[in-house]
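Each of the next two complexes has subunit A plus one more chain, namely subunit B in the first and subunit C in the second.
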Partner chain A sequence: MALVEDPYALLEKWLKAREFIVVGKGIERADAFDKAIGKARFVEDYFDKGVLFVKQVLSEEPHAILEGIDYSEALKIPKVVGVFTAQDIPGENQVGYALPDQPLLAEGKVRFHAEPIALVAAEDIDAAFEAVERVKVKYKPLPVILDPLEAMNRTDVLVHEENGSNIAFRTKVRKGNVEEGFAKSDVIVENEYRTHHQDHLYLETEGALAIPDFEGRITVITAAQYPHLAQSIVARVLGIPMSKVKIVIPYLGGGFGGKDDEGPLVAAKAALVAYKTGKPAFLMYTREESLRIHPKREATIIHYKSGATKDGKLMAIEVKIIHDTGAYTNRGPFILWRASVHASGPYYVPHAKVDGYCVYTNKFPQGSFRGFGNPSVQFAAEAQMDELAKKLGMDPVDFRLKNLLRPGQTTITNQLLDHSVGIAEAVEKLAKKMGWWEKRKAFTEYNKRSKRYKRGIGIGVAWHGISTSRGVPDWSNAYIKIDKDGSVTVYTGIMEMGQGSPNSSHRQIVAEVLGAPLDVIKIVFGTTDAPDTGATHASRGTSIGAIGVLVAAAKIRERLNKLAAELLNARPDDIVIANGKVYVRGNESKSMTWQELIKQAYARGVDVSATGYFFLPKGKFDDAKGQGYAYPAYSYVAVAVEVEVDTYTGRVRVLKAYPALAAGRIINPVQVEGQMEGAIAQGLGYVLMEQFVFDEKGRVLNADMTDYVVPTALDVPVVEKPVYVEDLFKYGPFGAKGVGEMALIPVPAAISNAVSHALGIRVTRLPLTPENVYFMIKKK
Partner chain B sequence: MKISFTLNGRRVEVDVEPNEVLLDVLRLKLGVKSVRRGCERAECGACTVLLDGKPVYSCTILAPMVDGRTVETVDYLASNGELKPLVEAFVKVGAIQCGFCTPGFLLTAYSLLRRNPQPTVEEVKKAIEGNICRCTGYQKIIEAILLASKLYAEKRSERKEG
Partner chain C sequence: MFYKLPRFNYYRVTSLNEALKLVNELEDFKVVAGGTDLVMDLKIKRYIPKNIIDISRVKELDYIVDEGDKIRIGALTRLQEIVDSPIIREKAYVLAEAVNQMASWQIRNMATIGGNLCNASPAADTAPPLYVLNAELKLVSVEGERIVPVTKFFHGPRKTELKKNELLAEIIIPVEKDAGASAIKLGRRNAFTLSIVAVATLVKVSDNKFADVRVALNSVAPTPVRAPSVEKALIGKEVSLEAVEEASKLVVNDIKPISDVRASADYRREMSIVLTRDSLLRSLERIGLKLGGEE
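Moving on to the complex of A and B:
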């Protein structure tokens, strides 16, 4: 009998599993104990004596011609080993991810305050600091442009002259005919929304340690989210082949997308110094540098018009999205694409017109952050939904239920959703479980009686395409080997930043598929020693990322079943391997242990290693019209919150949050809850307290944790257990879609809709700091 | 200048600058890596250690101030069994994601439970207010501390009975 090795067939086979050994259980993560006792190693823990300290010289100007960099005084400090600028880069000084517009070190001009200009390397930290002070940079200041609306309309001041405009990139979605859609609408709502930047504020700042070896290779231990991307950027900057660069991503103290952008750059900076000096070099951002330099969640202006019929059917949307991309596009075009194709929210809309603009200004770049352009546009879309419901005299949930996407319907890119669309069911279940309708009424009544404190309840519903957008190729892979004693090692590029995909879900998937006991399975993660697995971003760690793990394990399992069938004299299909026990279904006396089986495999010439390459099938997408296959599947989420507003002070408190998730198979419910609770807290911080304050030159005035304030234990609400609808995705491992970003996405919508309900005032701007809320009430 | 103090049960002597902070002395000079650097401004709690039994931010304690005193870190208290119920509870309920904040939370929680073996939810929240966690949303951390309080109580009653 021929063995099944086809990845699609293997995925399909395991998708049909109905009984599970470890999948779906709250198995403890493999790294928890080491992290608790402080044994788990993060980047800084690899720093040792004899390593060069690297510090960055940052621009003091937001927009200026670089007329000269004089570092002769710095070199006079005895312990200073060197100063490196763009001139010293042996390869390419070009690190833009989407467009070639971003240098590693500024060249010719600077475009934002704190842009890195030079690297100083010294034998100790004090000398490095002193050297930075002594580097003299001569600037010729240029006019500064900070407002994206102004930037769009001006060509006399250009952030990038070569582009001829401050509009870096545009997107378009055209479905149906919006004029016709609005003509058929009985109610129309039109508003402008604004959202602000957010810092990831991972507790560990960015860092990298680069170590040259005697064979001319360089190993970089770095805080990144995609080892193979860091590898290619380092190789490009140094002008050496990728095979000469090895990346190791140890445990990260949080990532949230930020280290996907900045990680390869920190790695390249440390690697540059190591390459030039031949010595190990270590660069770690201070909190202040981290806040000033790395790309943030985009600030947006969204103009949104929508129409519906009197029986509550959405007819048309017309949306203009402006992203302030700052000095460089970074991943801006991808972020804008995501915002554009998700602009409707998870609703069926026959007529849609979306225009997106990614606009340069003299601020820090925008970048990847949990939600990736989606929280802001879902905030606008969901505010529109509440306003339409209000005009129609309908309950917000009832109105949504009439319009939520269902299998067989198309998105605004005209993509047919043929399966895995569980959101309507999830919202209905959630509303029933939490008593939405009763609560909404009770709060409205309460507000009639209460003068100072007002209560509101609001919901945000959102969707999020899994994997990269449009036709952008995406794949998965992993390598698994089993040693003679039965221990299993899995090599994956997916890394560990707290989300747990390698250390919980990957382990569970391998244990399920191989039948090996959990404690013999070791995941080697975040390494270029593994085949390219793609990034740990876009909620793909356990979805796309784990496909390779499942396929590799499934290949080995096929071979083991055949072997066990021979040994136990049964049919391969009747072989059960579970928790390290191998037996014949229905006859457990015919059995052997996992270890014996593997020993036999070695003795009888059965290969117990495999790779799990899988190429994700995608359809066509027409960029000019924004029509076609946008994502292989969407995860869906809803969060409802109860808030209380103190109308005397403007302070908003979120009392309770109720999440619902339609993200396919839940591999580990405890980890999923952790992602939901953490995302809700991070979203809450964004909406209620976190914001950057700029001066007139675009300098950040609050680049420390004293003034950039994030939630503490006293700020977060009780988060109820999530409602799950397991709407299996045919290419997901056991049907899993993504989870990591999900619960943050609807939080701005949910909180602002709840505040709008409490106050009877439409929230159109974030953040809802006490000051902003207070003035909102005053204005009314 | 030379200072000497008790670090994790052992007397250590080390040369420090007068303006050097305890965090750097521990990490860079004494090789204690379980103490983490998050903000260096007494805002996040990642660098928490116990100084004479009380949780402090080692990023703002000047090294000369610990001369003659006692410093304890999470690896030590975990290895001598003191933290076992807390570690168990954090692992069990899923209170650890990236884990960067965890040693700080464990020390803060440990000192809370010694002062107040049966804290309420509100007391737990107040006690950990000075520790930032960006991953978990705190809910499972609070749950873990409450569970640990029970586990410590069980341990105490076992000891009494035994």
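Moving on to the complex of A and C:
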């Protein structure tokens, strides 16, 4: 019998599994103990004596011609080894991800306050700080443009002259005929929504240590989310082949997308100094630098019009989305694209028209952040749903249930969803479990009696496409080898930033598929020594990112079953390998140990190493028509919250949150609960307190943790256990679709809908700080 | 970790006398007690002093003593010690209540009450309760000592009554009998944050009339302030919800808030009224007078 090696067949085979050894269980993650006792090492922990300390010279102007950089005084300081500018870059000074518009170090002009201009390297920290102060940059200031609406309509001030416009990128989605849709609508709601920037505020700021090694390579230990991307950016900047750059991503103190953007850049800066000096070089952003420099969650203006019939069917949406992308597009076009195709929310809409604009201004760039363009547009879409329900005299959940996508329906890009669409079931289960209808009534009654405190309950329902969009190639891979003693080493490019994919779910998947005991499985993660696995972003660590791990393990398992069948005199299909024991199904006396089986594999010529390359099948999107294939599948999520508003102070308290998830197979429920709780806390911070304050020159006035305020334990509500609908996805490992971003996406919608319910005032702007809520009430 | 502090000479003392000698002799110095404000300020270069005098090990200034009609608190008493002190909780609860709303447990275990006062931030959270308790401060120098009311201590942001050679040694709190007092803080989150406004009030009532009323606020003027307009309007009046609400509105006459990254002046003004009202009602409740107003 021929061995099955086809990845699609192997994925399908394991998708059919119905009984599990470790999958679906709350297995303790491999790094829990080391992290609890402080043994786990992060980038900063590798900094040591003898390493050059690097500091950045940052622009003091938001928009200016760079007329000269004089660092002669800096070089006079003993222990200063060098100052490096764009002129010193041996390769390309071009690091834009979506469009070639962003230099690593400013060249010709600066486009935002705190844009990096030069790198100073010194033998100690104090000398580096002093040198930065002695670098003299000559600026010729240009007019500053901060408002994206103004920027869109002006061509006399251009952030990028070469573009000829401040509009960097446009998107378009078209379905049916919106005029016809609105004509058939009995109710129409039209509003403008605004959302603001958010910082990731990971505990660990951006950092990298670059070490020139004896093989003529540069090894960079860096805080990034995609080792192979950091590798290619470093190679590009240095003008050397990727094979001469090795990236190691140790444990990270949080990423949330921020280190997917800034990680490769901080690696390239450290690598540039190491390459030019031949010495190990270390760069770590201070908190203030991190807040000023790295890209943030998109700030948006969303104009939204929607219509529905009197029996509660959504008919049409017309949406205009404007993203303030700041000085550089970074990943802005991808973020805008995602926002545009998700603009309807997870609902069936026959007629849709969406236009997106990614607009340059003189602010820090917009970037990747948990949800990636989606929390803002779901906030708008879900506010519209509540307002339509109100006009129709329907309950918000009942109205949603009439319109939620179901298998066999099409999205607004006209993509057919043939399977894995569990959201309607999830919302219904959640509403029943939490007693939505009773609570909604009880709160409405409470508010009639209570003068000062008003209570509200609101829901946000959202969806999030899995993998890269459209036909953009996406794949997975991993390399697994089993040593003679039966211990298993897995190499993956997926990294560990607290989310746990390598150390919990990957380990579980390998243990499940191979049958090896958990404690002999070691995952080597975040390294370019593994084959390119794609990034740890887009909620893909345990979904697309883990397919490679599953396929590699499944290939080896096929071979081991054949070998065990020969040794135990049975059919390969009857071989069971579980928790390190190998036996024949129904006859456990015919058995051997895992270690014995591996020993036999070495003795009898069976290959116990494999790679797990998997290329995700995709369709095409027609940009001109605004229609086509958007994503292979969607994860779905709903969060309902109860709030209490003190109308005298404007303070909003979130009392309780109830999540529901339709994200395919739940590989590790404990990890998933952690993700849901963390996402709700981060979403709550965004909605209730976090915000950047700019002055008229675009300088951030609160670039520190005194005044950039995030929630503490005392601000976070009780989060109920999630409701799961395991709507398996055919290209997910065991059917898993991805979780990391999910619970954050509907939080702005859920809280603002609850506050709107409490106050009887439609929230259209975030954040809901006490002050903003107070004046919103007062205006009414 | 990777920040730079300015270069300075560092002096560490273990007795008050040593400290007083140093502040008398040295020029251009800052005194560090808990360091939770000063170290931040050094990092951001608010101060670039030539000398730092570390008094954190002057054990003789770390005490809370109950003398019956007054409580004496050493200037180097940590904030968490104040929260935990049975003496304070029994006889000056409003101070413990306010301090418990400051910073985090970790910072309260470093920061000192004297440091909070001497830092002279307009947002100093120990000030409003000490204002309404009519606390006095003992300032000492090599030349001797003097007592000043806490309300005369602040001259402006980062400016105090302290002469160059003086140190704050002790906070003296007269014990109030039959008074109700409370402290309320409004911040941008539930803990570990600077005040948008904080209010403390103290009331005494006899024959259902206000016999004494004290109201103090922070973050709404260059220094913490008392609110005499509110106090005068209430003293001698019948106790009622209407009287409290009407008088609270007068607080705007006693404050000069500014707009900054934390809040606008308008919001601070409005919140001063709400918090004054809430605190007065809570203080009355603590002497058994529940007027409602929370419906």
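Structure notes:
We adopt the following convention: the second predicted complex is superposed on the first by the 780 of 780 C-alpha atoms of A that agree within 3 Å, B and C clash if a C-alpha of one lies under 4 Å from a C-alpha of the other, contacts with A are read in each partner's own complex, and residues count from 1 in each chain.
Throughout what follows, a residue touches a chain if its C-beta (ideal position, glycine included) is under 8 Å from a C-beta of that chain, and two chains touch if they have at least 3 such contacts.
Note that the coordinates shown come from a computational prediction; the quantities given were computed from them, not determined experimentally.
Shared-chain residue A:253: touches subunit B; no touch with subunit C. In the superposition on chain A, contact of A:645 is made with neither subunit B nor subunit C. When the shared chain is aligned, subunit B comes close enough to touch A:678, but subunit C does not. In the superposition on chain A, A:560 makes contact with neither subunit B nor subunit C.
Legend: residue contacts after superposition of the two complexes on their common chain; A:44 is shown touching both subunit B and subunit C. In the superposition on chain A, A:452 makes contact with subunit C only, not with subunit B. By the touch criterion stated above, A:689 is placed in contact with subunit C alone, subunit B being left untouched. Once the two complexes are laid over each other on the shared chain, residue contacts for A:770 go to subunit C alone; subunit B is not touched.
By the touch criterion defined above, A:10 lies against neither subunit B nor subunit C after alignment on the C-alpha atoms of chain A. Taking subunit B and subunit C in turn and counting the residues of subunit A each one touches, the greater count comes from B.
On subunit A, the surface touched by subunit B in one complex and the surface touched by subunit C in the other have residues 44, 286, 706, 710-714 in common.
Listed in rising order, the residues of subunit C touching subunit A in the complex are 1-4, 40, 104, 186, 188-194, 196, 261-264, 266-267, 270-271, 274-275, 278, 294-295. Within the complex formed with subunit A, the subunit B residues making contact are 27-28, 33-41, 43-44, 46, 73-75, 78-79, 83, 86-87, 90-94, 96-103, 106, 124-126, 128-142. Put simply, subunit A touches subunit C in their complex at residues 44, 53, 125-126, 129, 284, 286, 449-452, 648-649, 651, 688-689, 693, 701-702, 706-707, 709-715, 769-771, 774-775. Interface of subunit A with subunit B (complex): residues 26, 28-29, 31-42, 44-45, 47, 200-205, 251-256, 286-287, 497-500, 670-671, 673-674, 677-682, 704-706, 710-714, 716, 718-719.
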